[in-house]
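Here come two complexes built around chain A, the first alongside chain B, the second alongside chain C.
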Partner chain A sequence: MSPATPPKSSFLAALMGLPRNVWHSIFRNPLPSNDLERSSTSFTNFFLHIHPVKVHKNSLRPTYTFGLGLISFFLFVILIVTGILLMFYYVPSTTQAYDRMLDLRGSVAFGTLLRNMHRWSAHGMVAMVFLHLCRVFLTGSYKKPREFNWVVGVILFLLTLFMSFTGYLLPWDQLAFWAITVGTAIAGYAPIVGKDIQFLLMGGTSVGQEALLRFYVLHVAVLPAILTLMIAIHFWRIRKDGGLSRPEDADPKITLEPMESAGAPKASVLEPKKVYGFQGLVRGPLTKVGQVPDNTVFSWPNLFLAELFTFVVTLSAILILSLLFNAPLEEPVNALHPPNPAKAPWYFLGLQEMVSYSAFWGGIGVPTIFVLLLLGAPYLDRGPKGVGKWFSRDRLLANTIFITFVVANIIFVIIGTFFRGANWAFVSPW
Partner chain B sequence: MRLALAIGTFFILVIHGVVFYNQFFHQWERNQHAYFDQARSLAKTDAERATLANRRPRIEQIVVSNFGETRVDRCTTCHIAADDPRFTTYAEPLKSHPYSAAMGDVQKNGKWERRHKFSEFGCTVCHDGQGRGLEPEYAHGADEYWPDPLLGYTTQAHWRKDFAPKLKGREYMQANCAQCHTDIAFPGTALVTKGRELFFGSNCYGCHRIEGLSDGTIGPDLSDVGKKWKLDYLWGRIADPKSILATSIMPRFNLKDEEIKALVVFLKSRKGRNFAETEIQRFKVKLTGGAELVQATIKPVQINAAEILKQGEKLVLDRACTACHKLGDRDGGIAPDLSQEGLIKDAAWIYDHFKNPKATMPDSIMPAFRFTDDEFKAMTAYLVTLKGAPVTASGEGIYKALCLRCHGEKGDGHGPIAEHLDPYPRDLTKDGFMNSKPEARLVSSVRNGVAGTSMPAWGKLLSEEQAKAVLGYIQTTFTKEPRRELKPRAVPEKNPVAMGKDSVARGEELFVNRCAGCHGKKGDGKGPNSLDILPKPRNLRNSFFVNSVDDKRLFESILYGVQGTAMPPWIDQVSNNDVGDLVNFIRSINQKEKGGQHAAPVQ
Partner chain C sequence: MAVNLKRNSGEDSDGGKTSRRRMLGWLTGAGLFGSAGLSAVSNFVFIRPRATYGQPQRFSVGKPEDYPSGTRAILAARGICIVRDGARLAAISITCTHLGCTVGAADTGFACPCHGSRFDQDGNVTGGPAPRPLPWFQITLAPNGEIEVDKDIEVTPGSYLTL
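After this line comes the complex of A and B, so read on.
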């Protein structure tokens, strides 16, 4: 543009170019058409740069991951969005909470849909996080160097359970009240500190206004904050630990040939004269120089399309569920009239079923052992073999122990859900 | 992949379309449009038409704060014509609420004016239902979780099919009228009044407590039963108690459907506290026990001497005695047979038992009913005339006619009414017990009864031979083991230890150390071990029983134990003097009451 151009036409040109300019100021790259642009697009976009520029083909195999981690994350996003919208209507007060539920169901725009989406996403997230945990265990992905990320994952699973549990009380109906009464009673079976934990959770000796307020604060502030932070750590560690796990033979062998003039390094080389790029610090086989053959593809579009697809499927499923099934809302709380049987949320019914055999072992002993085994798995199972394969024969023992625990728990959940009637007596559902 | 993505995205769009359609095209909006259109065609002035043309659908609501907790009633969102008198002939929901002079509505200059204005009363105060809901199903309380479906209009899907049709009808709303109109015999709440009369007439009050009305303790407290339960449950608990709770001991009363309905409406009106009561009124009722209301409700029968028997019979039948007892064809299946009452009890005993059942039978569960003395006397006069049918000579026939109700078909003491008797009927299959007692004692138990228990004296009905015949039947059918020669036992005829403070004190110490585990520290038979024992340990505070047995028998039971029961022999551990102290202690706690359950023993 020459300075001779009249100011008026320059302004017009600016005006004409406004949409384009705004667009380009936001998105630095056009839709990529070559590898350089693909890399650049991934690298310069805030939301995309959390991904690697190139991703291993094994990570994209649907039957390897089933997208479970992503589904869990997307459900969390749905939960945050619907949860925040619900917060505009909810009052954590024993006198108002139930009325607010009725309003949400009756007269708030999209109230029923929001509540349904939040409810089913919450249940779905518990299930998906657990399945994700199973996937990671059964493919041996917790092994070196991903030990700590596994520990973070187990903590995320426990947080998810707690998150769902605290949300369970908020509708303040009979279902909520008695499920939390039972759930906190299970915590009370812990030795020494059990009763104190129970008291701390409920803010009293029974579920009441204090408990409702505590569960609300935990549910909408404390736990989401911790969960978000832990998820961030979880994702960050995936990158730093070299991406998703994969079998040893998924990468072509690289043999490092000795450099020709290999000799004792000169003192000047060791002096801090050279500036190193960050690549020098990144561990793992992704750091390669030159034309080394590998099994990676560009994230744009392979990974991003897969993620988008997972998101669309997740959202569709939740929307369909929310249209077909209404979130339950039972009678207003009546502390003097427990339903028989009073049941905990379904994911704790395995615990409740075990509690019916032995209060301590069912409610505290067995779950604690299971969680400790989960947390300790990568440090106890140090064998490097069997990573990246489902049900690898090298990991027969670990997988067998794990599956035994999981199947036992699932059986207990099924018994507790369908086969238990009044007074926790065995009943046939048909 | 791209195709799948496209399909998925399309799917989400479709779902959103459905959601938005549901959100913006509500049933209630269509109702309101229909109302505006109809009202416009009925409008008389242009101004009115113009206003109606400008009206847009919106959620109407009435906030009601005068009746208990604040209610938000959005019923008029759909029932938008409720207060528009032009719509009386239209179909619901566009129908005006009926005007009724009986409800206090008045006509002024040809215009009705409501006594119960919607702006003050809302809708749910009278109708129940869920005021906040906007979908008919939820608003009417048709979903199974809503505790107050529209009274008399909405039945929930899970209600029993044979009850549900009976639970419809506007008269059920009287339960809610009674929340404010608490006057005795208020004409608008006839069913509540009738139900309250039935509550007393059918003797419900004997077992149930209702604050300010009654104080029975056998059944559940019904003070706020109307707040806790829905109509179908109330109906079911009265019409078929065991169908709702298999272990219920509530009798099935011989009530017609209209009577059950009145009781259900009365019970539905019991909500703990109603809108009309003030704190001070409640306190007053607490002090007086609601005497005023009770007096107004109970209608005593004037007894005249000439017709005393007839009136007595009518009372026995009307006052639901046969809801528990057996009399002729009627059988409540809970309490003993009254068919031979005149032969096994005398007038004094029956009258005393009426006045205070526990005075003649310490562990009786029969409630004390609030009848007048005259009524009790008439009922007594009638009962002593009952002689039953003559019994056959065969042991089996006698057992089936007289014994089976308590001792059971198998003679094991688990008869149909056994669980309501205390002490529990004797298990006749225990040969240890049956064969360790001399025949004379068994005959005496049959003919003279066992004092302080439900075993009546059959002496006037059974001769000695008949008593032996039934015992013979029991021996061969239930006990089975043949009788053996009894070994003589060394038992003092009379207590060798003189009654005195020291002896009683020693006896008490011994009792607490050795006997309290089963018989309890108080000797009432409720020691910590008693739960696992059948027959239950003897209640040694049952004076009628204790005073009816002589020292010799107490000595024998303690020294040699009671075979066939959990009572062990103590002969190796205590001396005769110790037993003497124990007997003195047991006698000392039974000295107040005199007499017994029975008429003078038959000679």
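After this line comes the complex of A and C, so read on.
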């Protein structure tokens, strides 16, 4: 039992030590100066333990990943923060939404900047997620054991597009209205369920108040929740699949024989508990500590500094873009007169160009085949070779098919952007 | 683990306890997943509106005198074009059959600004991706002498109302 009143000196000492003690109760490690502290810093911190204590050097090579996935995630974070702030001033009503856009420009402090940041981050996220998808394909990173994480990634790409599509209607300007009119009509071409999906999306037979409210709910609640969950699964699986993909020769082979002089390997070596290695390499057959040359470095500071750098660059780029260029806002909705030509955002223009040939094949058929091919890629292409290298010769066929699809889509986007004028007639930009 | 061992060791060696337990397991699973499925379905029923707030599909567009012979009047708010040819009247849809944009009047008929579909004076497709001609709607003369259009009833293109 302690005395009712502690000696004055020790109470004073506690008071003096209060800030320090509180600080150390929150941050249990000093700034690391040795390997043990480096390990425990990333191991005991809630935010840092998303990464293993040590990462493979290959994961840190900028020219391997170009940080594309990370940039996508940081853009998503910027989108959430700016999006929540914009929600304070937005009203999903056909009579008010457009005025609120004007208010953001005219009377809300930082309103223009926040809207610009939200718009450019959204464009950036679509681009970065797509480039990330290309990187993963062209380095063969979807192969075993990462097949399902690739599937999650493809779903994330589609969710990103849908996120962008639902956000498009909210300003309630001409572009918004006609893009959504066309987009929901494309959904209506889907076999059997098409008309029902279209009706559910619009909450009626035409784009109006119900559609605006529905898209708002999807945009600010339903899709962000699904996206966040899928991102968590995506990240979790990276860890469980042994970190980022890397070439086979990046890891030295582990052989069982020369482990000890005495005869056959002991059964204990193969026990599953040994699998939980120091490096978080859950999939590895054996713990590698002390047996092989170490190709890993400590996450603190190597990985965390690289990520901080990426974040600062991403945020700076978005800030600069937002200060230089204003997010477009067209005339308020006029349901009677579509703008001519009525164009979707650039990343949907390839789709719109295809749709101008055939609504079903351009809007439903070809995209569905493309998505199914993407989803099926890791289950159709089972060859184990060529993982972890850009444009590996072992993957010439797969990469060629993929690049053909990508280039075809880019060509459609370019035609839709620059070569289409009034009534979607072919025009020359020169 | 113990259950597995029992299963492997032979069926119902414990006097039917295993199969009863499995049966209960199946029932529990079916109950849980069935409830989840029903909840999902009821969510869809909930978000599917029973009443919509759009415009009426059947409306009056004024007297025949408002449309002298040769008129092709686009009533954009109603989504139709009233055509008067001598004593004949017709209502042609101006909602593009491709993806629902509003078509505008062009020299040769109608043209869509979204994906370049073109139609002739009667709404037949003459170019672009539109899969069907523009529909014609039923047009009648109400007892009070006003023209009434019903967008829920399509008629064969070329069937006019003769005054």
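To be clear about the criterion, the second predicted complex is superposed on the first by the 393 of 430 C-alpha atoms of A that agree within 3 Å, B and C clash if a C-alpha of one lies under 4 Å from a C-alpha of the other, contacts with A are read in each partner's own complex, and residues count from 1 in each chain.
The working rule: contacts are C-beta pairs under 8 Å (C-beta built on N, C-alpha and C of every residue); 3 or more make two chains touch, one makes a residue touch a chain.
Computed from a predicted structure; not experimentally measured.
Visitor: State whether chain B and chain C clash or fit side by side on chain A once the two structures are superposed.
Guide: Fit - chain B and chain C, as placed by superposing on chain A, sit side by side.
Visitor: Return first, second, both or neither, reflecting whether A:410 touches chain B, chain C, both chains, or no partner chain.
Guide: The answer is neither, since A:410 touches no partner chain.
Visitor: Should A:113 be classified as contacting the first partner (chain B), the second (chain C), both, or neither?
Guide: Once the two structures are laid over each other on A, A:113 reaches chain B alone.
Visitor: Could you let me know whether more residues of chain A are touched by chain B or by chain C?
Guide: C
Visitor: After superposition on the shared chain, which partner residues are touched by A:316: those of chain B (first), chain C (second), both, or neither?
Guide: After superposing on A, A:316 lies in contact with chain B but is clear of chain C.
Visitor: Quick check for you: in the superposed arrangement, does A:396 touch first (chain B), second (chain C), both or neither?
Guide: It touches nothing on chain B or chain C.
Visitor: May I ask you to decide whether A:186 touches chain B, chain C, both, or neither, giving the answer as first, second, both or neither?
Guide: second
Visitor: For A:337, decide between first (touching chain B), second (touching chain C), both and neither.
Guide: Both: A:337 reaches chain B and chain C.
Visitor: Angle at chain A between chain B and chain C: what is it in degrees to the nearest 10, using CA centres?
Guide: Taking the centre of chain A as apex, the angle works out to 40 degrees.
Visitor: Between chain B (first) and chain C (second), which does A:91 come into contact with in this model arrangement: first, second, both, or neither?
Guide: neither
Visitor: Report, in whole Å, the shortest distance between any C-alpha atom of chain B and any C-alpha atom of chain C after the two complexes are superposed.
Guide: 5
Visitor: Name the residues of chain A shared by its contacts with chain B and its contacts with chain C.
Guide: Touching chain B and chain C on chain A: residues 337.
Visitor: Which of the residues in chain C come into contact with chain A in the complex?
Guide: 44, 47-49, 52-54, 76-77, 98-102, 104, 106, 111-116, 118, 128-129, 131
Visitor: Tell me, which parts of chain A touch chain C in their complex?
Guide: Checking each residue of chain A against chain C gives 178, 181-182, 184-186, 188, 199-200, 203-206, 208-210, 214, 335-342, 352, 355-360, 362-363, 422-425.
Visitor: Flag every residue of chain A that touches chain B in the complex, lowest number first.
Guide: Those in contact with chain B are residues 95, 99, 102-103, 105-107, 109-110, 113, 173-174, 305-306, 308-309, 312-313, 315-316, 319-320, 323, 328-332, 334, 337.
Visitor: Could you pull out which chain B residues touch chain A in their complex?
Guide: Answer in residue numbers: 1-2, 4-5, 8-9, 11-12, 15-16, 18-19, 23, 59, 69, 72, 74, 130, 132-135, 138-139, 145-147, 228.
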